[in-house]
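Following this line, the structures themselves.
Presented sequentially are two complexes of chain A, the first with chain B as partner and the second with chain C.
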Partner chain A sequence: MQSNAQLEYDYSVVKLFTFATILFGIIGMTIGVIIAFQLAFPELSNLAGEYGTFSRLRPLHTNGVAFGFTLSGIFATWYYVGQRTLKMSLKESKFLMRVAKLHFWLYFITILLAVVTLISGYTTSKEYAELEWPLDLLVVVWWVLWGVAMFGMIGMRRERAIYVSIWYYMSSFLAIAMLYIFNNMEVPTIFWSGDAPSSIMHSISMYSGTNDALVQWWYGHNAVAFVFTTPIIGIIYYFLPKESGQPVFSYKLSVLAFWGLMFVYLWAGGHHLLYSTVPDWMQTMGSAMSVVLILPSWGSAINMLLTMKGEWQQLQTSPLIKFMILASTFYMLSTIEGPIQAIKSVNAIAHFTDWIPGHVHDGTLGWVGFMIIAGLYHMAPRMYKREIYSKKLMDTQFWLQTTGIVLYFTSMWIAGITQGMMWRAYDDYGSLLYSFIDTVEVLHPYYTLRGIGGLFYLTGFFMFAFNMYKTATSGRVLDKEPANASPMA
Partner chain B sequence: MFHWLEQRPFFFAVMLFLTVAFAGFIEIIPDFAKASQPVVGKKPSTILQLAGRQVYIKDSCNACHSQLIRPFKAETDRYGMYSLSGEYAYDRPFLWGSKRTGPDLHRVGNYRTTEWHENHMMDPAAVVPGSIMPKYPHMFTNLADIATAYANASTQKAVFGTPYDQKGMPKLGTWKEAKAQALADAKKIASEMKNQQVKDMVAAGKVPEIVALIAYLNSLK
Partner chain C sequence: MSQETLFTIAGYGKFFITLFIFIMFYGYAYSIYKRQKTGEKDFEKYSNLVLNDSLDSTPLEPRYRKQDKND
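Right after this comes the complex of A and B.
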């Protein structure tokens, strides 16, 4: 770490992406809270005509938080962690600097266009791949730009071996490139419209029916893997050791968990299609491999927890460490919950119910959200050269958001299992016991609780945005860069 | 070996890619030829039905409704015969959904009528007390995109060999013919509806979204 003194890192792109993370976080999560309350109070679905219904807003929420908030967070931390662990500065290359800036602006414009097109009803309907073909082309361009920046930076490195975090960012780049392209293979219909005045935005999938479902969930599950999991592991591998001043517990465990995860993850996509018309062997493989997935997932999580060995008192003194440790714990929770849901007999009850969004959210709110928030907090004093504005606010945010997550997943667990059991309940005469609407009405209290949980989390996110803004503008100026624990007032 | 790889990012990336991609190729390639054979008697959608399917997609009905009946007694009792792969052969994209905030719709055409849908889409809770589904009054005024539905079907025929214009299959023809056929189909649906505004629009040669959507929902059997 001696050469750090001579090398001056460039944070202009990091700052842009940090801004985008906060902006898209606010938009995506606000829409999330709105649609959560729409399920509890359906009148809320009809306040803005066709543009305010649950069904129009839902893709906006998922795309907003996954490709707005999370991706921005990944890119922000990449340009920070990348420069530092590779020991190079973007200042050293005009070309890479331009690529990185272009990466940001094209990305930013795409997300804004995504908001406009999705709310207008331009969607392919495939989950997390809703964007229509012109936007898909834009996505490919800035994804390639990210790759150019990544491998360019790696090419200029002074550190011979690439650090664990870089492995994970690299995996995210490569896997998403493959998955995104194959799942979004679509044919624009305008070219075969004859003299019919058809829409230029419309396209149909290259695959049909069962095949389309197969490709979609091969993508859908692994978008989760390579957007919500691997880059976030990359983030924790850098920021937890840095913030705590502790070396990573085990190199061997890092290697094992990394290659294990890479090998197993794609197999698991089949668990989204249990009892569907996809061939049985694929369903069984999906189910079995999902259980195997516990090993590499817990490998990383345990490696992180053991990194704190002998230093657990830091949990009392630093809310930032609390964010990261709880994130890691939520990662363990959701990676044991997922495999349980992937067991065929459990899936028969859980599939199509609210237990699934419950599972997604203990992962995204607890693991992804917390790690990105923690990473940005750690970066703030280094890039703005100021002390974090308020430790107390950060601590309040932590507890408020944690309460929010617990309300969210507990209510959805109960809702999901209740619903799953009611759908299959029979009376003594062998008739279905409940009509569908009974299984909807019973969920009202849980939908309300979930909305409140979401509101807590969103409020915490506003505190985060405020704390970051104050740090950047009026935190106490630091005369030198902090080595480990981030200074906070 | 790992130390060696970590110092050579290029080989690292290649190894990484192969490790990740491996599962996908084994899972996806063998099934592709087989799974897309249609079941006997399966016909591709008419233009009006396709326009309705586009409305279904535009308003993300699939966010809350599945079209996949699993082979359990509790599901076949509730929704009808479990779904078969060949029934989806012409579906681009597939619309299985992943969440049942509302009930499955794969065979909704067997047990709901035009009139039921008309009332339900205008105000779901009036038909099903306790329903949390949004109202969709805009579908009664927005026009269905018949031209894009025609382009959709032509693309399916030209690129994927979907059997339009064959004996016993829906006719596509030229845009002019297709438009006339879609309007004739729309008139049939509108005659079963009671909303005067919709009837007037169809009589004037315009097809509101609701008419196309009902044509599509009625075709789900």
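Right after this comes the complex of A and C.
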């Protein structure tokens, strides 16, 4: 084997994506807090004309945090974990380095364009697939570039065995490629509109009615699966063992959970369409598969918790371990909550209520957000060769954000169930007891609490951004790379 | 073919496909646990891919690379 003493891992692309993660996190989460307060105080919708309305800002929030913050975090950790577990450096291939950089810049431009077009009102109106067709084409280009970089790096590896984290990243790449193309099959109207008024920024879906809804939620739920779940599992399977210095509790379980998740997840999307016009057997299958999903999800989550066996004292000493253990716990919470909501009788109350965003946010804030934050914190001393600037600030951030998440999901649980019960309440004559506005009045305090919870989380995110900036610029310089626990002042 | 017959076929189809996947998955689970127990293959060693991930550490299962041959 070649001596690699002179060769180092290259973190230039990791740094670029780290910057994007923080930038898009700030944008996406700030907008999230604004729209949360708009729901509590509707007069806030009128501050910036059409550009400040809930309908313009909501897709900006979801796209910003899912495809801005989360994807950047996934790409940043991929270029880090990929190089390290495959034992190859991007420095070894000029081609792959160029591809990786082009991947970043095209991605970055696309997300900036997404911000501009969404706030200008250009949207396909399909949830989580709002971007119009020219942007969709751009997405395909950098997604393929990511694939070229990924499989190029795998092809150049020195390590024959491919670590389970890489499997999860690969699954994300392959599944999203398939889902994205099929759900974004659209007809740009400008080419076929004749003399009718049209725009280059307008398209209609190739599917219609129920078929459109089916494809949309096959995609929509698997955006949750392959953006918010599998790559994040890949992240925890690398960063928790590495930071704690503990081998994975059971590698066999990690492999089994992987295949279980791969098979089951793709069938669960039907639960978004319960009590709708899709065939009944699809609804039942969506429900059943959602319940089965508990097994592979908890398989990974329990595997992570057991990895800490005998080492729980690290939870007291390291805020970074706290982030990851709580992330794993939130993953367990949201993967038991989701299946419960997918049971038809529960869904009859939960559907269209605030319990749904409550569920989404204990997953995204607690699981996705915490794992990406932890991953970036872990990489910082290795990328910048400096100690993490402040342990105290990290600890404060952890508690502030945890409080924020708890405020968020508890208020939405109460609001959602209250809402669901009030919508269904009727008197002895079969007349509804409440009008819609009655529910809005009752929910006001919970909406305010949700906004405050979001504000806590956002404040914590600013602390994270500050801590990362200070680490990169003025942390104590390290003379050698830390093996496990990240050094922090 | 009547709608009822179609539903019956679909029902049996679903049952047997699920049974097939069930057998495949648990068969795989049994096989990896058995291979670990008999010592045929050690799956747990792959945890070290994370713990020993510096570029100059020896790979767990080295892979031949064209580039390395030229060095």
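The rule is simple: the second predicted complex is superposed on the first by the 479 of 489 C-alpha atoms of A that agree within 3 Å, B and C clash if a C-alpha of one lies under 4 Å from a C-alpha of the other, contacts with A are read in each partner's own complex, and residues count from 1 in each chain.
To be clear about the criterion, a residue touches a chain if its C-beta (ideal position, glycine included) is under 8 Å from a C-beta of that chain, and two chains touch if they have at least 3 such contacts.
Keep in mind that what you see is a predicted model, and the values were worked out from it rather than measured.
A.B. asks: Judging by the criteria at the top, classify the pair chain B and chain C on chain A as clash or fit.
C.D. replies: fit
A.B. asks: Once chain A of both complexes is superposed, is A:Leu7 in touch with chain B (first), chain C (second), both, or neither?
C.D. replies: Second partner only, chain C.
A.B. asks: Look at A:Ser250 in the shared chain and tell me whether it touches chain B only, chain C only, both, or neither; answer first, second, both or neither.
C.D. replies: The answer is second: A:Ser250 touches chain C but not chain B.
A.B. asks: Regarding the shared-chain residue A:Pro197, is it in contact with chain B (first), chain C (second), both, or neither?
C.D. replies: After superposition on chain A, A:Pro197 lies in contact with chain B alone.
A.B. asks: For A:Asp427, using the defined touch cut-off, is the partner it touches chain B, chain C, both, or neither? Pick first, second, both or neither.
C.D. replies: Touch partners of A:Asp427: none, neither chain B nor chain C.
A.B. asks: Should A:Ala175 be classified as contacting the first partner (chain B), the second (chain C), both, or neither?
C.D. replies: A:Ala175 sits against chain B, while chain C stays out of touch.
A.B. asks: What angle, rounded to a multiple of 10°, is defined by the Cα centres of chain B, chain A and chain C, with the middle one as vertex?
C.D. replies: So the C-alpha centres give an angle of 110 degrees.
A.B. asks: Give one of first, second, both or neither to describe whether A:Met156 is in contact with chain B, with chain C, with both, or with none.
C.D. replies: second
A.B. asks: Applying the document's definition of touch, where does A:Asp479 land relative to chain B and chain C: first, second, both, or neither?
C.D. replies: Touch status of A:Asp479: no partner.
A.B. asks: Mind working out whether A:Asp280 is in touch with chain B, chain C, both or neither, as first, second, both or neither?
C.D. replies: After superposing on A, A:Asp280 lies clear of both chain B and chain C.
A.B. asks: Touching A:Tyr238, do we find chain B (first), chain C (second), both, or neither?
C.D. replies: second
A.B. asks: Between chain B and chain C, point out the one touching more chain A residues.
C.D. replies: B
A.B. asks: With the two complexes overlaid on chain A, what is the closest approach of chain B to chain C, counting only CA atoms, in Å?
C.D. replies: 8
A.B. asks: Residues of chain A that sit at the chain B interface in one complex and at the chain C interface in the other, please.
C.D. replies: 160-161, 255, 259, 263, 285
A.B. asks: Please give the residue numbers of chain C that touch chain A in the complex, ascending.
C.D. replies: Where chain C meets chain A, its residues are 10, 14, 21, 25, 28-29, 32-33, 36, 43-51, 53-63, 65, 67-68, 71.
A.B. asks: Would you mind writing out the residues of chain A in touch with chain C in their complex?
C.D. replies: Residues 1-5, 7-9, 84-85, 87, 89, 92, 156-161, 163-165, 237-238, 241-242, 245, 247-248, 250-252, 255-256, 259-260, 263, 281, 285, 481, 484.
A.B. asks: For a test of understanding, state which residues of chain B touch chain A in their complex under the given definition.
C.D. replies: It is residues 2-3, 6-7, 9, 12-13, 16-17, 19-24, 27-28, 31-32, 35-36, 54, 57-64, 66, 68, 70-72, 74-75, 77-78, 83-85, 87-103, 125, 128-136, 138, 142, 145-148, 150-152, 154-156, 158-160, 174-175, 178-179 of chain B that touch chain A.
A.B. asks: Within the complex, which stretch of chain A touches chain B?
C.D. replies: 38-39, 42, 45-46, 49-50, 53-56, 58-59, 121-127, 151, 154, 160-162, 166-167, 170-171, 174-175, 178, 182, 187, 189-199, 202, 204-205, 207-216, 218, 255, 259, 262-267, 269-270, 272, 275-279, 282, 285, 289, 348, 351-354, 356-357, 423-426, 431-432, 436-437, 440-441
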